[in-house]
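Pasting the structures here.
The following pair of complexes shares a single chain, chain A, combined with chain B in the former and chain C in the latter.
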Partner chain A sequence: MTDGESAVSTSGDAVDPIPDLRQRSFFQRWWEGFSIIFASKTAMVGLFLVLFWIFVAIFAPFLTPYTPLEQDWKSPNIGPSAEHPLGTDELGRDLWSRLIYGARVVLVVLPISEDLWIPGGTAIWGVIVALVVGTALGLISGYYGGWIDEITMRLLDAMMAVPIILLYLIIMAALGASAINVVIAMTIVGTPGIARLVRSLTLDIRTREYIRAAETRGENPWHIMFIEILPNARGPIIVDAMLRVGYAIFAMGTLGFLGLGIPPPSPDWGSMVAKGREFILAGSPWAALWPSVAIATLVVGLNLLADGLREESMRYQ
Partner chain B sequence: MAESDERAEVVLDVEHLSIAYETRKGDVEAVRDVSFTVREGETVGLVGESGCGKSTIAFGIVNHLGPNGKITDGQIRFQGSALTGRSAAELKTIRGDRIAMVFQDPMQALNPSVRLGEQLAEVLTCHREIPQKEAWKKSIQMLKRVNMPDPENVMRRYTHQISGGQQQRVVIAMAMLNNPALLIMDEPTTALDVTVEAAVLDLIEELKSDFNAANIFITHNLGVVARVSDQLCVMYAGQMVEKGPVVDIFKRPCHPYTRGLMAAVPKLGDSKLDSMLYPIRGRVPAPADRPKNACIFAPRCDYATDRCREARPSMIQLSAEHAARCIYAEEIEDRPRTNRRRRRVEQLAEAKKEEVKVQTADETILESENLKLYYPTESESVMSIFGLGEKLYVKAVDDVSLRLAKGRTLGVVGESGCGKSSLVKGLIGLEPLSGGKLEFLDVEVGEEVTHRSTHLIKEMQMVFQNPDSTLNPSYTVGKQIARPIRRFKTVPKGQVKQEVVRLLKAVRLSAAYYDRLPRQLSGGEKQRVGIARALASRPDLIICDEPVSALDVSVQAAVINLLLEIQNTFGSSMIFIAHDLSVVRYFSDDIAVMYLGRIVEIGPAEKIYEPPYHPYTEALLAAVPIADPEAHQKEIRLSGNVPSALNPPKGCHFHTRCPRRKEMLPDGGKICETVDPPWRQSAKGHRILCHIPLEDLEKIDPVIHR
Partner chain C sequence: MAKFIVRRFILLLITMILVSIAVFMITEASPGNVAKNVLGAFITPEQEKSFLAQMGLDKPAYVRYIYWLVGSDWLADDKVGMKLRRVTTEDGFVEWWAVRSDGALVRWKLEGDDLIAVARLPSLGVATEYTNNGRWQTQEDGTSFFWGVDTANHVVKWEKGADTEVWNFVIGTGWMKASGGPVQYIPLKKGFIRGDPGVSLRTGRPVSKTIFTRLRNSVVLAGIAFVLVMPVALLLGMIAGLKEGSLQDRFLSIGGMIFSVIPEFATGIFLILIMAVWLQIVPGATVFGESAPWQRPDMLVLPVLTLTLIELGYILRITRASMVEVMKSPYIRTAQLKGLPYWRIIFKHAVRNALMAPITVIMLHVNWLMGGIVIVEVVFGYPGLGKYLLDSAMFKDINGLEAGAMILVLLAVGTQLVADIIYTFLNPRIRYT
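Right, the complex of A and B next:
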């Protein structure tokens, strides 16, 4: 039925004039979404810190002449110098190169075995897997409700009742120290929180009329959960995930510090602090200082980015 | 002023008021050059669509514009002293307790954690330094004054323990306690049911004569404003386009916008067969896009000429008090609407008539028998914590039998909580039925939608109420309309996009909307996309759950016309739910009146709106605000609230509030309290569920005389 064909038509509701909204390409729209970061100073500072670490992690081999394992017996535990910009540790390894190779494990590569690794850092993978599991559980219990919700949530509550650090210790002690196991531990620890968040979002979104419309079309529940509900929950989930990457880095540091993280001699920020700590009073604080600063700046950066993003997206609503 | 000698004293004088809000992109003018006066004992109504600056004016008067709002120009004089350009402390002393305000939502105006009595008394102890005891006494008196039953008891209650209508009474009592010189009411009845609204409007009328306060009444509803106002100011896009005595404006509207508003709402009793609704095209422009030096209404006006776009028209005085901001105001009656529009609209009406003739074949599409839909709830005993307690049922739909013929429209009306929406959910299979039989297209469909066959699902689709949540914000319009097409495979895969564009055209949207996201659309456009989505599976039955109640009146008319047109073209049957009785009457062929889960009256639309009435239908009709200040309407007000569906009254559900049974039945209607009422057949297809014999019901006067 077009205007010409139809015998009946009321001019009062004829095709409305289209407001000036030219169709933009996918990239432009993406850029527009991204550009809200620039509106917030907080987010900009955060973005700068995070991008710095990502940059050095990716280009680590080009940013230092040393490998992280290379030992210089002649100069252990020295301060910053021309040869070693940040100094060396107790075995004479270059701290700068250990630091940036350490950032790689956190942000860029996940070592699975001696010579096999996949892109995406340990912290990132930990959050992604937790996100997938938590989102699925949250969607299911939020959408179905009833006893499914009751059982899932009580189980997750039980997991949340155990102090996080204790949970990490138990899991890592049981599984042994490796990057993969760190990811598994992060998943187990992170899932309940994400599931709770997604569940609450789902409970809200499922009352909307477009969900009812999908139900009256007889759509199957998986379509409704993952196609209709999930995309509308993405905003809070993304912000939460960003904060969680921060916590994950923190957790990696803690595990490494306790000797439960990525096994030595891999450059791990946590274990670097743990080792360096012994030499602080001996007059060389550098080995402990730099990895601590690294963890702090990256975590603070991610938090600032998430906060700025949340504030800015709220302001637009 | 010249005429002030004979008229009451001017309480509030607003002159050339302009208000702007600061935003990131600079100042945005929300109100421009508005002038009006309010006199003692007089009610000035401010009407207009949403976004027209009505509330902004009210907030400007009480200096409540928020951190980014400011008065940029003009004067507000209250009892002779200027309110503009003063500090908050100075304002406080000038205004003192002399201006009171009543808001739309009483739930938000009352503090839920403080007893009502304390909240009322506080008004007096705070402003007047009256001792607590006396304040308490005065509060009780005031509650009596606003017709609150059992005021001593109410003083000790909390907000949630009284009904919405009573809450609004408490808020009004609170506003009146200080005997204010000016009372501003911002949509005070919009959140209330029609029967409750009527009672609150009665109260507002009464108080006006008793307290002699000056009133400003803000609303979007022409019917409400016709009932309570003396003077009327019509607002459009931040400007006043017409003002004058309410009778004059309704008799002779002189601004095209006012005329448009009046033509856009159906009058009670109008039917699609004998009258048409004329929507106003387009939408209210956003404050930033408003033309500065042209008539602000010109882009949507049917009478607009090039002259309108050259300069901003000034108010043209039509009589001593009646003025309109239109250069053609004086001759507007003689300038007929564009012919094209009339003819097209008449074509639609004719097509409808023909269609009705064709539809003598009485094929049933949907039939229900004793349909029941109960929601289980736990009783409040300790046992129920362990799941052992007695199961209670909310009887949302109880014994509903109805029949819908092919191509016809069944309207369902009733107050909120009467089970309209539950009935629909049961029909479409979103809630499991608790009993009864339901047949759709001659197939029994007792089960939920997930167990129905795709063929049946496809034939019954729904249009929803809230334009903001009817579309999924994450997907483009095109994708959302394409989804049901793909799912039900109505067209071959390659043609999905053409089909979507065809549907967009059917709902009068251009193909450019295909790639839009819902947030780029206005409310009316979203609703049209919702309709297109429901049409996509080419259903035989479309269920419309209050499809226009969240829309502005001018847009409402367009959507109703669109639905009618779709029904003509596709021959679909419809179930139309609305709480607005004029709209239901206009749109429907048959009407079912529901009360507490039961249908109390069902029959052809024209039969419902004339005697014999069910007493409940009669009360509903008497409560409808009519957009005609000179219409005579019977005054029947229901007492009390709709009883809880958890424990409905025995016998006739309506007996607790029925105004008729005492006078029309022997023994004061004792029978209603114990015995279920019988169905009484009046005419063909018209049934009334009542103990009162038909002969007596027929003797009742019609509710409305014109």
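Right, the complex of A and C next:
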């Protein structure tokens, strides 16, 4: 977790030793933290990959003349051509448009029903909800201690002991396949780890003087937990959350591949690979290849970015 | 130490019971219908009802859980009034018989109003049939009833003249409607804690038989990958860690990271496309039929390689981090200042301490590795435990799912316990109380 602290302190306001009376604007501080990336080649490569996918995800409707569901019965399973830059799948759907709409589901929109969606990708929501639940549990059990702590932690320990894949299997088999249920499954799987981290931070921060002071003032416990403790624990939590985004994309792809993710015909990288796999030996590898490349470049990009950032921020220490 | 092990062992049992209850409840709550899965979507409501009753699925969930956990034969013993015995036939199917006082095995069937007993002496092996109407009992309202073992492994209650219609599904013939069926069924099983995980609803075979083969296949796969990956990853990790920041370190650690973060299914697809489709060196799928995995080593290459690549990066990075830390420690500097030769510092001082972290972390990694194995098995169609578990979950085959889940939990928690114990030997400063 020292990495996390360092990443935050260098990206924050510790750079300038002389206190500046004028508060630098939010964007200035943010840019200072951000400019670390340019010092590291690996981080730049990672940033490029991630930005590429974010860009195509946001502007997907403008980057392809086809919708991801449009079928062309005359040309199923063909390779790259002028009309279809990456080829088509077994139903003649354009792979490029399915790929970028798939990126949209991962990074930009969470489809709730047929025609209702909310901003923020499925993987992003999976991390956010797990973060909210895990942070609340960690704060409560760390701050109150005693039997609340004991019960919460024993239950979370038992959950952590269960193999993750088994948790995903039984949760998704029970809930059925949908984007919301993927978020729920990610929350259940992610919560124990986050709760443990937040609890350990809370146990440390609880002993500080300003918490004593707040208690003496007679502050409400919720105020102490969420206004006094949480902001002071945010560094490691944010770094942990960033790593979890990569893992969430990984998990989403895996669920889709097992047929437990977002149900067809909606474009999902994992299920595209699962379907395309059947046609590899029939001589058309494209439908399986492109989504595999997509998910591989996205998670590698995220990890290169995180790795480069960590390395650079450690160098300044 | 003993106290610690006992406590952890009890925790393991509690976790297993909690998981088994959770799996039961979640499967219960989930949409879908196992009768439709087994029999197809076009069954009539009567057929479905009859099927559910025969499988004991019409009983409340807690009763089924108890039957699953501790069995139902002890309960059925009293009803029949004879001891019940489980027999395994040559084909691998399980049969239940009641034991008569002279040692013969008996089952019953109903023909019209007559009870027909089918008796088999263990020495003879040939079944004889005789009418056995003496066993009818009378209940308060005057009708006759009889508890006995039927020919399909249930303890059933027949009522004279009740004339219940039942639908039996006979493989090869289809649905057979029969009258004079029993009014109540208790499916016979020994229960999980007595070593009988039941019969798979999906395959109709005992789960224990299938799962043993599946587990063996998975262990072969994981074992080969483990044996290959350990020396390579530890060696490369140490090479990378010795010269932190050098070109080879950057190459190895970034390469390792890339392999370990790409989802298993994507790695598998890349390998299939390169090795099986493009170069055509090895087959891209695993079809074993009746033969064991090691009889077709060419088919094992790609699954093993996929697992190896993913694990390689992970272990390499841990070893590297551990090596970097050790090389910065004061005792290494002391050794250098003493003027010891470089290789001697590495092998005598650094390596032993640097290997401590990876070995324990790898044990804790088993939980994660299982996920990888499930995916690899699905990608290559490898008949292992992971694929069995996935198929069972999709089918709502509760017996298969529970047995697979219990094995996974046992492995995950068990290896963590072993890791903790190994750690005390590697690092004597740690004591458990």
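Basically, the second predicted complex is superposed on the first by the 273 of 317 C-alpha atoms of A that agree within 3 Å, B and C clash if a C-alpha of one lies under 4 Å from a C-alpha of the other, contacts with A are read in each partner's own complex, and residues count from 1 in each chain.
Keep this in mind: a contact is a pair of C-beta atoms (placed from the backbone, for glycine too) under 8 Å apart; a residue touches a chain by one contact, two chains touch by 3 or more.
As the structure is a computational prediction, the values presented were derived from the model and not from experiment.
Using the contact criterion defined above for the overlaid structures, shared-chain residue A:118 touches neither chain B nor chain C, since it reaches no partner.
Contacts of A:282 after superposition on the shared chain: neither chain B nor chain C is touched. In the superposed model, A:166 makes contact with chain C only, not with chain B. Once the two complexes are laid over each other on the shared chain, residue contacts for A:217 go to chain B alone; chain C is not touched. Contacts of A:209 after superposition: chain B is touched, whereas chain C is not reached. When the two structures are aligned on the shared chain, A:82 is found in touch with neither chain B nor chain C. Using the contact criterion defined above for the overlaid structures, shared-chain residue A:273 touches chain C, although it does not reach chain B.
By the touch criterion stated above, chain A contacts chain B in their complex at residues 1-3, 6-19, 21, 23, 208-210, 212-213, 215-219, 228, 231-232, 234. Chain C contributes residues 14-15, 18-19, 22-23, 26-27, 29-31, 254, 257-258, 261-267, 269-270, 272-273, 276-277, 284-285, 367-368, 370-371, 374-375, 378-379, 386, 389-390, 393-394, 396, 401, 405, 408-409, 411-413, 416 to its touches with chain A in the complex. Residues of chain B that touch chain A in their complex: 278-283, 338, 340-341, 344-345, 347-348, 351, 428-430, 449-450, 452, 454, 457, 460-462, 464-466, 469-475, 480, 483-484, 487-488, 502, 505-506, 508-510, 512-513, 515-516, 520, 525, 530, 533-534, 537, 557-559, 561-562, 565, 568-569. Remark: chain A residues 42, 158, 161-166, 168-171, 173-176, 246, 250, 253-254, 257-259, 270, 273-274, 277, 280-281, 285, 288-289, 292-293, 295-296, 299-300, 303-304, 307 touch chain C in the complex.
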